[in-house]
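Okay, got some structures for you below.
One chain, chain A, links the two complexes that follow: it is found with chain B in the first and with chain C in the second.
Let's turn to the complex of A and B:
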């Protein structure tokens, strides 16, 4: 709002300028993009605090603007080489978290039955005395593993301090994560192929993009940093992008071509493209050259010609006609796109959850890796690149750690997932119920929503409520969400805008960016960052970590990290928020780096004849060189930690170092680890069993995320929920007509585990035979903006009276079972068969 | 609802830019009444390249935060236009904000003079000290850009973040835009990015038939409306705000 005073002031400036020449007025002033903000009311400058977002895992650098000790605005960080000052809607709405009138501001203890909703405020001293006495008893009794810690998002310094310092000094290894409900399956498939996880798509340099199931313009693990580059590629560089998706996402809508595809058939189409590329010899050139670094047959010394022959044989049955019959994508289009991909250099192969969150997701992702490899688009400018991020030098905490004990409940039931390198978190509660692998006495969760975020919601509630199954539950959360409601005690966490962290997310510039999160305002009420709480708990249990607060830990990390230290360390980071090495060049082709002879002659380095790997047995689980030689690289526990280099045609290269499994340094299209587990070694298409048994009228339920929400954590943000608070089921007009459903009808969607009601959105923007229902909605707790329900404690907000929506949508997880990909344990979000009827 | 701005209009604007600069240098005054409107040295304007818009709503929320806009009302929002038949379906995005028109209907109906077009830069502003909240301007705006702030009771709308621009900073929606779809600047300066983009691209404005001469331009905008359904074509317009119907 503009006041009369402002007008006069501006008028005064104008008059002065006119008198002193007037020419200056013929041009508007040069405007800078961000970096400062002013109050529209008073005109006074708002205090900028460089910090980092946490709304999604992208964790962009941002600047919080503070006026009268209140955070009023979040802006982009123009100095960031990742986001370049751009921000999404979610980041902007972070303010709403801090001032959510339904935040939990004090430690709470339940006074009724678990889940009954009766609470009392307690002091921190009382809360931590209670928690630490329970934890200490377990530790003193020799059962630290009965303390289960389950986190959702915990990254960088938070992860190091909480997991590597606090939990490991305590001695529990019963630690769950939530990666298997995100994209853990993609990571396992990549670890099997090129060793590490995370692929960065170099949109800055690409000429062609093929996208399977990624909605990176709306929601992605590196969203803004990738999205602004993709728009530049599409518009400024006129790059062609083809998107395969069951649904016209906004990413598909902005693509040059949307190719509708049936759910769970991405791998079939990718393999058919590989078939075309090999048969038409389009791999020649870059693809052929890259095959030198690939393992394609059991023989690690196979020639390129032998590798091509093996691929040809393997792909013989994967014809475009075969893929058409499964996917609905025409054979001629598959051929056309395959040729475009193989002949436009460089090209980028993109994939995400649409491809991966299926029964056959592991090999669909491996097929994507194959497609990129045989076209020579691996770790090259413009291609699918290995991720580059900050390497902070974190302090390790107390030297004497007891060695962790753990309950085997985080990797699923025996036989459920063969290689779950990112765990099977959605089975944790079922395993606790089963009890055969033991049960925790204390189940604590942090930045995680076990009830709402997994499938089988009713079962999650039933298990978490049962005090016989789980004697003591602790929620660490800023909010009264569906899971906090089932806690025995709630430790009110600081929001990300009130805490410290070193941050490190992948940089699409292929140059590492170091950045800081610092409090924009003093934490509200009595909330405390859980990092600080861990320091306190450790002290109370008699094993001080050496830090009183996370701030101390972060400060020491900044002072210890080369580069950051020389730039000015902690104080520099506080002032600037971001740092990157100005002399660094983008990282590409790191597999081609030759390993120096001296590194191969180091003490402990031995050669593994079977794989051609040089490795240092001393860094592995082997107890002697003899044992290591005897067992070999593949069968030695944690051998991957000793990897040095890969022998390829007489030279030793850095290759593709293993990061989670004992694979060789080759880019393994042929995986002996898969073979050893009874799966085909080369990427193979497996139909989704439930989809083969569908009855007439059955639909496949697909899930997705929208651009203004993260999965479960943002419906309390009023500015976001105002935009998106209802999630109708998308149905193709032809499908709707067959089911007698019209646009706007109330419908019932029923699966083998449950039923929900929502409205039908009849739209041509989805493949026939599917129904698409987004996440985010249908909260029954999480405060008044999210669910309409008032938590046990709350404050006031004038906007509550202006809240104009009363419906809050449906949550699909009530009807999606917790079922893993049999190879990597990924939750199968996109496979559920449902019956849809008019309600 | 929309047509392309004619080449004559573009040429006109272009010439104006040139003449404005020449005028300033020469220190002479234009003579005609119509040109008196045009003689303004600076006319701030926005160009939205919808090819670069991903419909992400960052602009809408940045605006909410910048002004702490209450729920239920908006200074800035993004409409989606989805149309076609499977599988040939498109979805386009149309960001909306005040057009800061050359001939603003809101100004002519304001009984108190609270709403006026600033001489120095052509921004249409509201003096909340003078506004009596009668709502005439809200009815008059053909673009539905105005609302009565439920807290203050006065009329409100986008003011091109004049509190930032006057301090040398881009408007909040421009700063945040992930696709860099928004170009803000002085349309009367022929060397400005916005003037050059308008000179070299086909552009359109909303409802040119209203004769308001908007200063918000679009590249490649999809102006389809739900009225096209009457021709039995699938068109779905989503406003993403409390008011579901687009004017």
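Let's turn to the complex of A and C:
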């Protein structure tokens, strides 16, 4: 039988007999990979508007295509060195946000009881008069801190304008974020180790990947930019990837090997691998060389041999057999993978929330850092690299800022988290309820879902609803979600496709990419970008920011930023959307850069004998050189801001500059900061307390995300919710049999804070003793597609008639308590002990 | 609705001018109803004997409560009801053609573009300060108000050709847009409100446009330009 191959061969030999070029056809248009789009009806070119996504935190550069003043399509940005023109389903469905029939188009004021759902439309003037009069009174009374601003995602120019300019000029420091329910724990662990707080995995150059708990093909925080590189690595470069996960995620499924592992034991396996690598002397070579830059003992002058000896001693008990008993991963497999990792150069050590969102997540991540360090895979081509992003030169706003006051309610209760560098946002409402650290009079949230996104949903509702606890609530949101429903005023925000921003997300190319978000269409109805609203509010309160709109702020930023300015500034960015320095080389090994003598001789620079750090005391909280010398680098407030360089074996290197805590410029495997807080200085395995007390039949609940949704903000996008709207509980057949549960059964999942119902998905794609339930589902507000709440009586939406699904899943946060990692405050999404029964 | 219905073609121009003007006024009145929550002034006008009697003659009976309740309370409740019905947040009946007709499915769908194009092709443009959607029911009603007024003016000037031309545009707009969705929209309002004011206004809207469509000899067809 003739095969396609035969025909192709025929094509090859007949080519010579064919006339060059076509006879009847000429190429009308050059074929291009993205960057242009045409109306299928009229054939006319659609107007391309380079902009940036905001569906997930990756914030990819994209192009919106506009036809008849409507955004009709979102495509990839081929000029982007991050995404290289690729984009995900979420990005494409951004169109659904703009034209969501349930979006809020006007300012709304509550007129019934809070949460009753009784609203009145008001004008912007009325809304801002009311909000500004409350805020101004607090400020005039000397209590700006009683205005709490809580954001979920606020990045780059939005963050600078709203936080550093508006809130800072207003004078409140009571500012919450949501990083602790995201990946704050990973960031703290990294700050303790190498100073900065984001790692890029150089899949372009790697030869081996070991992955603990990251579903990076589906949902990483730098999703598309990382995922398409990973695909290239696996397919084109035939790189081996080993994934440790409790669940067969799509990333695990596409890996060379999925290693099922019990929840919360990633750190144990990583330490056991370190044990193998040190004991078998596999660190020799790159790992040994890197140890020069590492702090491994209390003595900063320890030799490499002493460092190895200290590691050997510390890791002695962390044998593969010991790790097998905890994790279920066989000792032989641990040894095999450790050897592969240590001998395949270069290699990438990957980790994320599956590893970090546990009671012991901080040290699990530090163990990952150790694994990468002793194999010489830190900040090297093909390894685990320090992040590179755009450094926009943002305007600072008014010069005379009052100095912020704040309520101490964003870092959790005393003793809950020792080093919460990214705060403990999931405890904010509890702290407000407690009241001992004060309560805000005005609680405003922006791009945040305090009710739905944190654990223990019922408690969130109860607190936010209580006017005695929080007298005045303001939601800034384009959509009516579960939290907006508990607001007193809703300020309708522009969607990201209707607003301006400079953007800066990490570039996996290790070369900074500068990119712009610009409106693809005019904002619908009366919605306004909250950046513009801040300018307006400030003006009303008598402290104009110097900008009438965010567009002005963005324009000035573009004109002030070296590189972008020379390329053409704001107009260039409007036209092209992205810019990077064409002469820039990928950034690796920046720790090896020697600091020039002139920098060490600058006014204010002193040497700290204890750490070996050169630092400029004038940039810190010290009031004099004498005070700085007396307290030393580690104990001086904000000393990290004055870091200059690290003395290592007689030379001063850039090292690993601290970014949030007063660590030295060493890669600190040994952390004196941890030690000072009463924790072991070297990465250590601590069992999860609740898991030690489990009764027969108890399961551990693990959570995850899928490729077409973010945690809480994409479910109004009908294209996405059509794809994913049900989240059954995954249970291993062996576990299910013990519980008398069959595939498809309705089950009850109960924890100490609540109970939910979902269906059982009985599958070997999860380890025994676990149940996995994704986020995303079970909205009870957020529009017709997310919640299943149809418009009143029948339907007003012809497309809704085509909605074929009736279920919208279960929200696991109802049953997950808000419990922090005791070191960094990370919400423990993966630790909850549950009982599962047939419903 | 007989008193407000237009006359067939080729009638007395004076009569036609008066009838078109009345239609224009009623379209304008209804545009105001849906544009935003009712103002005190607007409610007072409705309560006036002239208007309330005319409404009654048109078969629209507003309940006693509407006339008897304290004014401030009534205005407040109607504002809340307006938001609940047409604005949200949360479940509401989107007052835009795009959401109701096939091919739309969302805010600012193809039908909104078609409405915008239709309106601009007839020489009208959206005011800079108008920020709402182009296919909002109040826009479509206001557009009919303007067309009817222009028709009335043409009849008054005995410019039959111009008047007939404008009537054709009215027919076309009703056929391509307003009549395609207004009845369904009004039915939803009637079914979902306890407020006699909005039930009454929805009934009035539905009846009037149905009559106008009939009088203008329009057959609604789901076609788009």
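Keep in mind that, in the parts below, the second predicted complex is superposed on the first by the 801 of 839 C-alpha atoms of A that agree within 3 Å, B and C clash if a C-alpha of one lies under 4 Å from a C-alpha of the other, contacts with A are read in each partner's own complex, and residues count from 1 in each chain.
Convention: a contact is a pair of C-beta atoms (placed from the backbone, for glycine too) under 8 Å apart; a residue touches a chain by one contact, two chains touch by 3 or more.
Small disclaimer: the values here were computed from a predicted structure and weren't measured.
Undergrad: Using the touch definition from the top, say if A:250 reaches chain B (first), chain C (second), both or neither.
TA: first
Undergrad: Applying the document's definition of touch, where does A:803 land relative to chain B and chain C: first, second, both, or neither?
TA: first
Undergrad: After superposing on the shared chain, does chain C or chain B touch more chain A residues?
TA: B
Undergrad: Regarding the shared-chain residue A:485, is it in contact with chain B (first), chain C (second), both, or neither?
TA: Second partner only, chain C.
Undergrad: After the superposition on A, what does A:119 contact: first (chain B), second (chain C), both or neither?
TA: second
Undergrad: Which partner chains sit in contact with A:824 here, chain B, chain C, both or neither? Use first/second/both/neither.
TA: neither
Undergrad: Of the partners chain B and chain C, which touch A:69 in the superposed model: first, second, both, neither?
TA: Only chain C is touched by A:69; chain B is not.
Undergrad: Under the stated touch criterion, which partner chain does A:228 make contact with: chain B (first), chain C (second), both, or neither?
TA: It touches chain B, and chain C stays clear.
Undergrad: Quick one: classify A:104 as touching chain B (first), chain C (second), both or neither.
TA: The answer is second: A:104 touches chain C but not chain B.
Undergrad: Taking the contacts chain A makes with chain B in one complex and with chain C in the other, which residues are shared?
TA: Overlap of chain B and chain C footprints on chain A: residues 798-799.
Undergrad: Please name which positions on chain A make contact with chain B in the complex.
TA: Residues 1-4, 6-7, 10-11, 14, 22-23, 25-40, 43, 45, 72-76, 85-89, 91-93, 95, 217-218, 224, 227-228, 231-232, 234-235, 248, 250-251, 253-254, 258, 260, 707-708, 718-720, 722-724, 732-734, 763-765, 768, 798-799, 802-804 of chain A touch chain B in their complex.
Undergrad: Touching residues of chain C toward chain A in the complex: what are they?
TA: Contact set of chain C toward chain A: 36-37, 76, 79-80, 82-85, 87-94, 96, 98-109, 112-113, 116-117, 131-133, 184-185, 188, 191-192.
Undergrad: How about chain A: which of its residues touch chain C in the complex?
TA: So the residues of chain A in touch with chain C come to 68-70, 96, 98-106, 108, 111, 117-121, 480, 484-485, 490, 524-526, 781, 784, 789-794, 796-799.
Undergrad: For chain B, which residues are in contact with chain A within the complex?
TA: On the chain B side, the touching residues are 20-21, 23-25, 27, 41-42, 44, 49, 51-52, 54-58, 60-62, 64-68, 70-72, 82, 84-87, 89-93, 118, 120-121, 125-130, 150-152, 154, 156, 159, 161-170, 172, 174-181, 184-186, 189, 191-192, 234, 236, 240-242.
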